[in-house]
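In what follows, a single structure is set out as structure tokens and then discussed.
Read from first to last, the chains carry the letters A, B, C and D; within each, the first residue is number 1.
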Amino acid sequence: MLNIADSAAAAVELIHDGACVMIGGFGVAGQPVELIDALIEHGAKDLTVVNNNAGNGDVGLAKLIQLGRVQKIICSFPRQSDSWHFDEKYRAGEIELEVVPQGNLAERIRAAGAGIGAFFTPTGYGTSLAEGKEVRELDGKHQVLEYPIHADFSLTKAYRADKAGNLVYRKTARNFGPIMAAAATHSIVQVSDIVERGQIDPEVVVTPGIYVDTVVQINRPQQQDPREEGAA
Amino acid sequence: MLNIADSAAAAVELIHDGACVMIGGFGVAGQPVELIDALIEHGAKDLTVVNNNAGNGDVGLAKLIQLGRVQKIICSFPRQSDSWHFDEKYRAGEIELEVVPQGNLAERIRAAGAGIGAFFTPTGYGTSLAEGKEVRELDGKHQVLEYPIHADFSLTKAYRADKAGNLVYRKTARNFGPIMAAAATHSIVQVSDIVERGQIDPEVVVTPGIYVDTVVQINRPQQQDPREEGAA
Amino acid sequence: MSVPQNSDHPLSPEELAEVVARDIPAGAYVNLGIGQPTLVSNYLSAEDDVTLHTENGMLGMGAEAHGDEVDPDLINAGKIPVVETEGCSYFHHADSFAMMRGGHLDCCVLGAFQVDQQGNLANWHTGKPDAIPAVGGAMDLATGAKQTFVMMTLKTKKGQSKLVKECTMPLTGVGCVSRIYTDLGVFLLEDGKVTVRETFGVGFDELAQQVDVELTPAR
Amino acid sequence: MSVPQNSDHPLSPEELAEVVARDIPAGAYVNLGIGQPTLVSNYLSAEDDVTLHTENGMLGMGAEAHGDEVDPDLINAGKIPVVETEGCSYFHHADSFAMMRGGHLDCCVLGAFQVDQQGNLANWHTGKPDAIPAVGGAMDLATGAKQTFVMMTLKTKKGQSKLVKECTMPLTGVGCVSRIYTDLGVFLLEDGKVTVRETFGVGFDELAQQVDVELTPAR
């Protein structure tokens, strides 16, 4: 049953030390800024974080890394002009890194939510990221066996939820939200708006409520200007 | 570029003998009745058909089977109270049958559209439908390796298309439409309505136009009363 | 023997549906198989906040549609017209079965030909050599949900127990059934052990004599 | 030697983008990589009916957004704000990369550090031992589209050819590149053979001397 939390702090309170936490967003779009801030306040440590990047500047995921709370990061693009906190921890051997091609990252997250035990994908074949992995020729292409990425929690951002937990997103802020909510045992979503059941057209629901455990309404979410973030 | 056909006959004209044709629909919902009728008229033979069922009564897919034009059928539920034409051909050894659990059927179709070479699924493990298939224990479950189902053509039904080929569906008539359109080299879609670009909200597009090759407008599609069709 | 006998007669399908419905936790997401399990929905109240899944692409499925409510585009897995509930949603077949396979449904209630003490289920094929195999979503349902409940008469029309040591009919799923609701009693399966939770119209000892499986009374 | 020299000077990135744009068939679905390839969009006209894909979940991506058009929820893969076009659509990351991996894009234009005559591409990692590896969508883009075009200067700043016999930098994709657009000429790759289609600001013979790969003139 949907838990509607009173605050971002209450929404993240179950996150435990050692948890695997997926964090949505691609650049600033879809970044659950207030939930990440709440996780920073919360104090959980030894986290494994799944995100497309490895933090920017001195806030959000970068701050969590700076504080030494992230033990491992699984992402596609950790190296950005302003990912200095990750850089520092990585070079000091204080954070483990698993780099995954972005499409394989997305498909592995999707597989976790969809109950697929493993799949063959052509992406990455013959590259250093597929070293040691099982390879088969299928449909005339060499393909690499990849495994699902499950998580204990996901922190994502959607535009609107109804009280059944159904979600809709805005534009390219949709990105990892739907697949991360499905891949996590406990999904936590910040939304700008919570409406009654029946207020979202069933034809346009992107994430059905079955995938949503906790929502919290953040009326005016912080959002950086996209230009202030490094490219990737 | 989107081909807007003048008639169902024109929409199916490229279907060649020996083609693999996916046909959408679950029961009457989403059944592309006019496209199937056009395929019957068209005359293509030695077809492999992918559908959830094996035809009902004396029309549509059942008629195509009766006419001896279907060499093989891949489906989840061929045995229905009114699937007598399939029964007859099957017992006479005149049609090949591959029975696939419905979820594996859907996921194999999805895999074809998504460029996945094979995947492990727990469904079917330990049953006669998985005999001879590769098995692995993954995530604490025995899982069976399944391969994508590609098609040359798909015949599906949507509610509305715009001139970029974007589609929206109605209720449970969505069913196999989106994944079949993506899995087929040439997807053919009948819709009730074709609108200008920009007339479908980009947030609610279910099948992006990239998956659609041909659309044809059928203003008042035939639709049986669902009660007249056998259960499955 | 402390197994409660909770009825003086074997339960009718409707009475049994009510027992199943009581066991479904509030807020659960549930798939009810075709046939007897469909009756369970009649005994779920709005306060239970149970959401029904139908594998042809919908969460929040409502009751059977009648008269003007019938919409040929809105049917359930049994191809019966249904109505929407507030908060429902639609999705395509791959997403629908991903939802099931991914373990997101709390519970699935299915009919059965046979269930054995290992929790193996046979409900898709009688095994007759001339029968045309047709599986539909049965195998996906059997293995996908967090819990799979079976709802059936304990015996065939010929009086043979459908709860068996080892299924002789073709399997639908391996070790997937955790609970069996029958007209004569409710059985809990765990690690090859069959525990009787309650009986209907029959005492534990009498029931134990009718089933060729070792039964343990619930404490 | 019948290779046309189609310019009296090496092409600027803008001029080269125009050459690439001319080769994109009308109605095509295209992904333009970050950097130089992005320029190609400036030379696609409405009549070309080319639809741009951005892997962060959009088809029908429009031009860079300015001023009031900027919406933080609408950015491209380079994290630059963009606008919608009529007929665009949004989808999630798994669907977006499925679109790419499934071979639905007609063409993808990418930058490169090195390409070799087998069509192997190196564009994600310089191979420096202390560099932090970061791949993003590069590997998915390299192998997913029906055709992968590379757009680059033929030489590094130090004057070394980036078209090589065998890539020495870490690979992004194997045998994936079919065409290379450079400031000095356009190269077609097939079965390990490199054909020069046209040159810019240099003759075929002179070009052949600058590249340590056997070049064949186009007939």
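One rule holds in what follows: contacts are C-beta pairs under 8 Å (C-beta built on N, C-alpha and C of every residue); 3 or more make two chains touch, one makes a residue touch a chain.
Source: prediction; values computed, not measured.
> Which neighbours does subunit B have in common with subunit C?
Looking at subunit C and subunit B together, the chains touching each of them are A.
> Over the chains that touch one another, what is the least number of steps taking subunit C to subunit D?
2
> If I rank A-D and B-D by number of C-beta contact pairs, which comes first?
More contacting C-beta pairs are found at A-D.
> Just curious, how far off is subunit D from subunit A if you go by their C-alpha centres, in Å?
29
> Just how far, in Å, is the C-alpha centre of subunit C from the one of subunit A?
About 36 Å, centre to centre.
> Could you put a whole-Å number on the gap between the CA centroids of subunit A and subunit B?
34
> Going through subunit C residue by residue, note those that touch at least 2 other chains and give them in order.
58, 84, 90-91, 98, 100-101, 144
> If I count partner chains per residue in subunit A, which residues reach a count of at least 2?
107, 110, 114-116, 121-122, 169-171, 202-203
> Please list each pair of chains that are touching.
A-B, A-C, A-D, B-C, B-D
> Which subunit B residues qualify as touching subunit C in the complex?
26-30, 76-80, 86-87, 90-91, 97, 99-104, 106-107, 109-110, 121-129, 142, 169-179, 206, 223-227, 229-232
> Give the list of subunit B residues in touch with subunit A in this complex.
Residues 107, 111, 114-122, 136, 138-139, 141, 143, 147-148, 150, 168-171, 201-204 of subunit B touch subunit A in their complex.
> Show which residues of subunit D lie in contact with subunit A when the two form their complex.
34, 54-58, 70-76, 78-81, 84, 90-94, 96-98, 100-101, 120, 125, 130-140, 143-144, 170-174
> Name, in rising order, each residue of subunit B that touches subunit D in their complex.
1-2, 110, 112-116, 162-164, 166, 182, 196-198, 202-203, 205, 208-211
> In the complex, go through subunit D and note every residue touching subunit B.
26-27, 29, 49, 51, 53, 58-60, 84, 86-91, 98-105, 144
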